[in-house]
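These notes concern the structure reproduced below.
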Amino acid sequence: MTSVSKQPSTGQMRKSKAKADATRRGLLYALPDWVMIVALFFVPIVLLVVMACSRWSLMGGNRGWNFPENFIEVFSHPLLGQSILFTLEYTVIVTIFLLVLGLGLALIVQESSKWNNVLRTCFLLPSATGLASASLLFYALYSPQVGPVTKILSFFGLMEDGGSVLATGQSALWATIIVIVWRFSGYYMLLMMIGLQSIPGELYEAARMDGASTWRIFRSITLPLMKPTIVMCLVYCVTGSILAFDQFFILTKGGPNNATMTVVELIYNFAFDSKKDLGMAAALSLLVLVALVIINSIQMRGMRDNTK
Amino acid sequence: MVSFNKVTRTLAGIAAAALLVPLAACGGNGGGSTASADIPAEGTDDGTEITLWTRSPLERQAQAVVEAYNASHENQVKLEIIPNDDMEGRVGGASQTDSLPDILAGDVVRIPYWASEGIFADITEQIDGLDNLDDIQQGHIEAGTVDGAKHTLPFITDVSVWVWNKDLYEQAGLDPEQGPTDIESFTEQAKAVAALDKDGVAGSYLAGQSGGALVFKLFPSVWADGETVMNEDGTEATLTNDSFKAVLDSYRELANTDNGLGAGSKEETGATWTAPFANGNIGVMPYPNTSLNDIFDAEASGGFEVGVTPIAGTSGNTSTFLGGDAMGISKDCKNVAQAWNFLHWLMQSDTQAEVFAANGYTASNIETLKTAYEDADPRIQTINSTIIDGNGQTPKSSAFNEAFNAAGSPYQLLIQNYVWGSGDSLEADNQAITDVLAQ
Amino acid sequence: MTTPLWKRVIGRILQAILALVFIAPLVWVIVSSFSPQPGSAQTDGWGVNNYVTLFNYQAGLPAYLFNSVVISLITIVLSVVICTMAGYSFSRFEYPGRDLGFMVTLSILMVPYASLLIPLMVWYSQIGLNNTLVGIGLVITLFQLPMSTFIMRNAFDAIPRELEEAAMVDGCNSLQALIRVLVPVVKPSMVTVGLLAFLEAWNNFMIPLYLAGSDNTPLPLAMVNMRQQTMGVIDYGATEAGVVVLMIPAAILFLALQKYYVKGFTAGAVKG
């Protein structure tokens, strides 16, 4: 390991020995983490770059370099633009819903009481189900055969009898958003709650003494002080949504007519369905990766500015 | 479960792998490799476990085949059913990790691509050595032929036929014994059932989001008229012909008729496309024969009566889609001789008669189809006749999956645009398919 | 400053409705897995036929459960051990590369695992981990690292340094200090990490979809496969039963450890 310590200058021997010691120990404790990262993260990423620049079909394997052909094919694919737009639309909607609901629920259950504990549990319970089982659950809920959703909607004349909410692009999008909001609201509530609890109670008391309204307190105290938490939630939520896959894989497979094709769905589609071309899939994965790094560093900057 | 058994199996696996190293080394790439000249004509039956993958739509028939083999052989076949939609991904993943099953059966339209990518072992010698080669359904062998090298044999044959619900026909004032004879009568009869205006009942049904079901249902009418869907090499789509237009017009007309196409037709992804007819809610539609067995069973216990007739075109000639699963020995197979034993066994007329004919399933052996169904339901004989008459076809193109079967394929969009959309983009949509096929 | 009673009553009612909305799908799936439905094994009257179908599906429910449990155990043990150590390292030691290590760990969050799985398939067959439960557990652990290391680092940050310094003075080395003095304090966070690892490993289906062969299939993947067992008919009954079987252990553990869960998160976010 690279335990580079500063040259020991006179009188600092003890200090630098302690420093070297800390380096050794620190690295030792972080070693398993590093091993995992190198073996299962760095190596696959390097391999990803290699694959992105190679003719590498799913069944035929590696057939040599072909840079930049994979990238050209990805960029000229008719579904690329559409899937990026759809992913962004989905991300914006999901992020708004989850952040607002998360904060709202957190404000409701913030104070500890028996009743609030029951509410918290109710909101959190869906988070214990997996994304796959949540999607399967709603797949059944939405099905015209056994699920109540179609019956309820058609009772109110909102949709055709025997139809499915997954049938059109727009309704499938909202149906999927409902799954995600149901599954993740509690989780974001928890994160927000923790942020709320770190706001000193005296601030609120002082504001109330001054006769500030609830809305005013929320705007002038809660929101500004919650900004780091909100930005953190934003980063999680945006990243998670851009990488949306499981829910669409199970509920719509990108359909109907490719209307719910997310970018990661498209990666899967290139790799295993339409193209069976791991090279193209790797190229698109790489582009997604770069885009995410850029988006996240912008968001992180927002967070850092604030914590100063 | 993890105990001794697994250890021995692992050791056996290592031993087998060690034996195979020299074999694989002399194999070379592409077009399959591991087949060796040492395989006995009938394969080896020595108590080996053989793994077999097939698609979920054919579960019922596949179970019957495997049970019959396991009951009469030392070798034991372990069957795994893969969901239809995941098949490509699973096979691709397994081929990457060298963990393909010994025998791989897959949708016959996907076979040309798999074979050309070297998924299967070359078993030309063994296939040519079969005594009854000429009797075997050729479409499934041709699908797996690459540059003259043969890789596959038929596992289960699935054909498309027109079926109609006799109970609904009677209510609609149609002759329940007279099914459609051409596209025109198909449309008329569907509209007559639609006119019943019964809750949940519709004239016909389409799987609008399932390219696989749409080729299976619509192509036979084109072939019946002597037209084509692709050029000879499978590099160009030819779906602008009058025959296919007539088919599309028929469905477009039904889509614009109240109750003409069952609710959900436009959105059906193929996961439930046979259910509406099976539940007695559809008048007439093209249907897979493998799903008919369940309906026959239901009929025997008081369900609705169903009629079966071959799919026709505009002229009244008939054809069918020779679908189903073809099987081959995979490149990763460690027990080639044992796997061949299974393939060889299944190709025998006795086996075909025992496993398929006796159960009312459709055999893949012409001789069996002709002789072993004398006591069978006449409707099963109708199904068989579509194979025997030789009019059926299997489309072959290595880009078939991407162009036609894959979710959101250009073919799916063509159908969507014509049947439910503006209906004026046929030329452009056909070109989009060609663009994929030509690459 | 007290809210009038009627306002509070209405507030409670609205809150109760909201809570019901969140719980309703879970109740629905449990009820309907036992209820009669067309197209499932349970067509007449109430009963457990859907669970029988599930039990006998292909390799059988016990085999899938076994795989799920093994994968979960591997993931829990690895996540807790690795993240506790890494959190300790990133919180307590000053050394070059510390911040880099932490940032790199966090950066795992940015990578879609769908895209890492493709090279991982190839890489795993090189190192002999393809189609193994350990291999699957390792990848799930990898994606637990960012969040869990974050939680553990913050948990250690929240402990006053004097605590371990006192232990060091008593002659403990850093490992002993960690195990004897610090671990008891950060235990809630470790339980959180373990619980998160369990929930992820128990529920994940994408990773096994690529890395598991048929004999190593865990339950969620088997459920997704079972959904479309027969073309043309979806057995919703068995699917619902599967969702219930998947949900119950996760929900029970979650409810039992909820306090730890919230506490762990709180400790993790003190210095968010």
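Read from first to last, the chains carry the letters A, B and C; within each, the first residue is number 1.
Heads up, the rule we're going with is that a residue touches a chain if its C-beta (ideal position, glycine included) is under 8 Å from a C-beta of that chain, and two chains touch if they have at least 3 such contacts.
Computed from a predicted model, the values in this text were never measured in an experiment.
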Starting from the Cα centroid of chain C, hunt down the chain whose centroid lies farthest away.
B
Which chain pair shows the largest tally of C-beta contacts?
A-C
Centroid from C-alpha atoms only, then distance chain A to chain C, rounded to Å. What do you get?
15
Measure off the straight-line distance from the CA centroid of chain B to the CA centroid of chain C, and report it in whole Å.
40
Identify all positions of chain C at which a residue touches two or more other chains, and write them in rising order.
38-39, 122, 224, 227, 234
Sequence positions of chain A contacting 2 or more other chains:
145, 268, 271, 278
By the touch definition above, chain B meets two or more other chains at residues 85, 89, 93, 96, 272, 275
Contact set on chain A toward chain C in their complex
2-5, 19, 22-23, 25-34, 36-37, 40-41, 43-45, 47-48, 51, 108, 115, 118-133, 136-141, 143, 145-146, 148, 182, 185-186, 190-191, 193-195, 197-198, 208, 228-229, 232, 236, 239, 243, 245-246, 249-250, 264, 267-268, 271, 278, 281-282, 284-286, 288-289, 292-293, 296
Show me the residue ranges of chain C that touch chain B in the complex, using the header's touch definition.
38-39, 58, 63, 66, 121-122, 124-125, 130-131, 209-210, 213-214, 224-225, 227-234
If you look only at chain A, which of its residues touch chain B in the complex?
57-61, 79, 144-145, 160-164, 166-168, 253-258, 261, 268-269, 271-276, 278
Residues of chain C touching chain A in the complex:
1, 12, 15, 18-20, 22-23, 25-26, 28-29, 32, 37-40, 81-83, 85-86, 88-90, 92-98, 101, 104-105, 107-116, 118-120, 122-123, 138-139, 141-142, 145, 149, 174, 199, 202-206, 220, 223-224, 227, 234, 236-237, 239-240, 242-243, 246-247, 250-251, 253-255, 258, 261-262, 265-266, 268-270, 272
Chain B residues touching chain A in their complex are 30, 85, 88-89, 91-93, 95-96, 113-114, 117-119, 199-200, 208-209, 262-264, 266-267, 269, 272, 275, 401-402, 406-409, 412-413, 416
